[in-house]
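Quick one: this structure, given as structure tokens, is what I'll be asking you about.
Note that the chains take the letters A, B and C in the order they are written out, and that residue 1 is the start of every chain.
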Amino acid sequence: MQKAFVALLGFIPITIVALVLGSSPTVLFFLSALAIVPLARFIGRATEELSARSGPALSGLLNASFGNATELLIGFFAIRQGLVEVVKASLTGSIIGNLLLVLGTATFAGGWSYKTQQFNLSAAHANASTLLLAVIAMTIPPIFYQTIPSMLGATIESLSLLVSALMIVTYLASLWFAFRTHPHLYSEELEHYEAKWTLNKMDLTLQISIGSATQIAMFVAPVLVLTSIIFPNPMSLVFSTFELAAIILSVLIVNQVVADGESNWFEGLQLMMAYGIMAVAFFLHT
Amino acid sequence: MQKAFVALLGFIPITIVALVLGSSPTVLFFLSALAIVPLARFIGRATEELSARSGPALSGLLNASFGNATELLIGFFAIRQGLVEVVKASLTGSIIGNLLLVLGTATFAGGWSYKTQQFNLSAAHANASTLLLAVIAMTIPPIFYQTIPSMLGATIESLSLLVSALMIVTYLASLWFAFRTHPHLYSEELEHYEAKWTLNKMDLTLQISIGSATQIAMFVAPVLVLTSIIFPNPMSLVFSTFELAAIILSVLIVNQVVADGESNWFEGLQLMMAYGIMAVAFFLHT
Amino acid sequence: MQKAFVALLGFIPITIVALVLGSSPTVLFFLSALAIVPLARFIGRATEELSARSGPALSGLLNASFGNATELLIGFFAIRQGLVEVVKASLTGSIIGNLLLVLGTATFAGGWSYKTQQFNLSAAHANASTLLLAVIAMTIPPIFYQTIPSMLGATIESLSLLVSALMIVTYLASLWFAFRTHPHLYSEELEHYEAKWTLNKMDLTLQISIGSATQIAMFVAPVLVLTSIIFPNPMSLVFSTFELAAIILSVLIVNQVVADGESNWFEGLQLMMAYGIMAVAFFLHT
């Protein structure tokens, strides 16, 4: 099994050669997809090893950051191409995908092996209120826009920029909180349950999924708003009613599910169903 | 007292005779109403006896199912008559009536005898997140509809059908959770507080009221959506903004009130007041 | 320091003399502002002394009532002048100012000295659900109004008056709850942590900020609705979508932050940021 993964690494030079030889985009896509498999597995294993040494907070942050750096870069170039609405839909999809699909599937799967999975309530609580602040920051500009449709574009842009700046400051403050002033909140229960391997895994899943959603909402999206002002068609913080409703409802049900510090297969199923409902609507919507 | 109730059973044959003799609907209504009194009392007593033996989860489910079977049948025939909006209003009324009026009155009344009433937090928590999922399922189609008013009727109908199917699957999964994989959540505290008769009663009230609201939202409504496709004018999951707001706000305040596993007369009063505000608005609305 | 404050009292007679001599409003404003400083400090100290003797519930209520009596009077005369929208904006500003800015700043500042501040969870919980009821009461009339824009003004006014009456009854019931039937909820932990001076202070801050916001929403606003019917242009309970969204979101994040009975600097910062986002939007909005 291990060897098969290593063998797939051979597709990295093959992809480069194919690129040089001028292969079609479809061929390049499938070659790159095969080359990514072992890399994704290595990141996953590195995250787990890191978690065993430094706790789920840091490894969750690093794992989320690896993935979201790509999202940030692709978003930046897509906005330059004028694909503003596509980027907003993609950010929304990442937020609800992490909150509902990733967390839901992990909780559901873990629930078959363990009747009840416990996790670090303090850390989940801090993330949950940051997510709620993200909801506030993303709700205010659209309501502003909808109540005064005759509003000048410049005013909406000023509001987007100011709110985005506040979001980035808050996100950086949340890192300061997690790693400087209150790291014990994220590790104290780690020592307590040291023996239970799966517990640590549940905490790691929570940090990766909720942490990644928080990072996209509170850092990636506002950075794209701020940096895209150099383009003729910048991205504002005004998401569509549909996208906003999906984000608000996802945050509410995740907050409800993590509120008691325990999870089971049925809570995982609920998150997956919420994702299913939204996915069906998104699919019919477009 | 007991004898008076038994005597009322005599109205069952009297009603049948009156029906055969072709009495007016008004007379039949009052005769049936009298005949129902002892039956309602028997169901109530049977539920309590059952609860003492098998726990509040099963007896709450049976009690809710007895009542909602009628709601389902009446709804089905009303949709056949084209009374789609009436059925939606009736389902909404049942949901907020159970969540606010039934639960509120029981909590208020119980609060006069007992300063604080405790109940099974795990069971209430599981119901609360299922209610939130119902809110998500009922919110997505209307937002879908409102953001794209030019949408084809067929697309809305597909969305309604798919979401309804997911709701029924989730509802059946919640029964599997409550009776197969996690029955201990619903009974462990039962043993613990065995002696306190009223505690069990509070749990039973919660299971009947919240359980009934959940059953209407997650089972009765979607079954009506799915079965009514055989009629020329089927019912969709698109409730009015007003009905939806009433359901969302009811779920939020009930979740808040049950969040700490305790209740008192003031929390009961808050639920009753929330019902009063919505009832006044509904009354003026129509 | 103490002497400097006492010296400022001299501005009380100076302001009166200036008023008699017919000074300009600007001069009178600055003289009154200076005279208010020692008075505000005396109220603050009296509140703390009172809290040490009678608990945070009573002193919080008195402190909130002192400030809100002024708000009520000014509101009444402003409505008489036809400034209905200004009064609604001012009430909204007071509610979110208390919930986000006052509570946020106190939590943030306290968080620098104490890693974690604990407070009385039962009292915070009771206030939180009253705030949620206020949200329901303030949400129903606008939705009513928006779904039926052709509605007669008289019907909206009836709804406003009925809902306002229910709000005042609930507010009075909340005082009965706090001071008659369940005063132990507000004081039991006081004895327990008697030695920790700051804990009491955090409870007092919560009672003043959340208690004041509750008083404005559940008492000041409905009293203004009921008393302003004597004017040709009375105030209804229909707040703008923007004001309503600000109130709903503030209540949700405060409920989230106080849900675990603990607070830290980051939670204070989150509340301040939420205020900042809304303040920026309000500023650009007008």
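Note that in this section a contact is a pair of C-beta atoms (placed from the backbone, for glycine too) under 8 Å apart; a residue touches a chain by one contact, two chains touch by 3 or more.
Everything quoted here is computed from the prediction, not taken from an experiment.
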For this session: Specify the angle of rotation obtained when superposing chain A on chain B by their C-alpha atoms, rounded to a multiple of 5 degrees.
Result: 120
Exercise. Copies chain B, chain C: same or different interface, half of numbers shared as the threshold?
Worked result: different
Exercise. Whole-Å distance, chain B centre to chain C centre, using C-alpha means?
Worked result: 36
Seminar exercise, completed: Among all residues of chain B, those touching at least two other chains are 259
For this session: Would you mind writing out the residues of chain C in touch with chain B in their complex?
Result: 121-122, 125-126, 128-130, 132-133, 135-137, 139-141, 143-144, 146-148, 155, 158-159, 162-163, 166-167, 169-170, 173-174, 177, 181-182, 255, 259
For this session: Using the touch definition up top, name the residues of chain A that touch chain B in the complex.
Result: 115, 240-242, 245-246, 249, 252-253, 256-257, 259-260, 264-267, 269-270, 273-274, 276-278, 280-281, 284-285
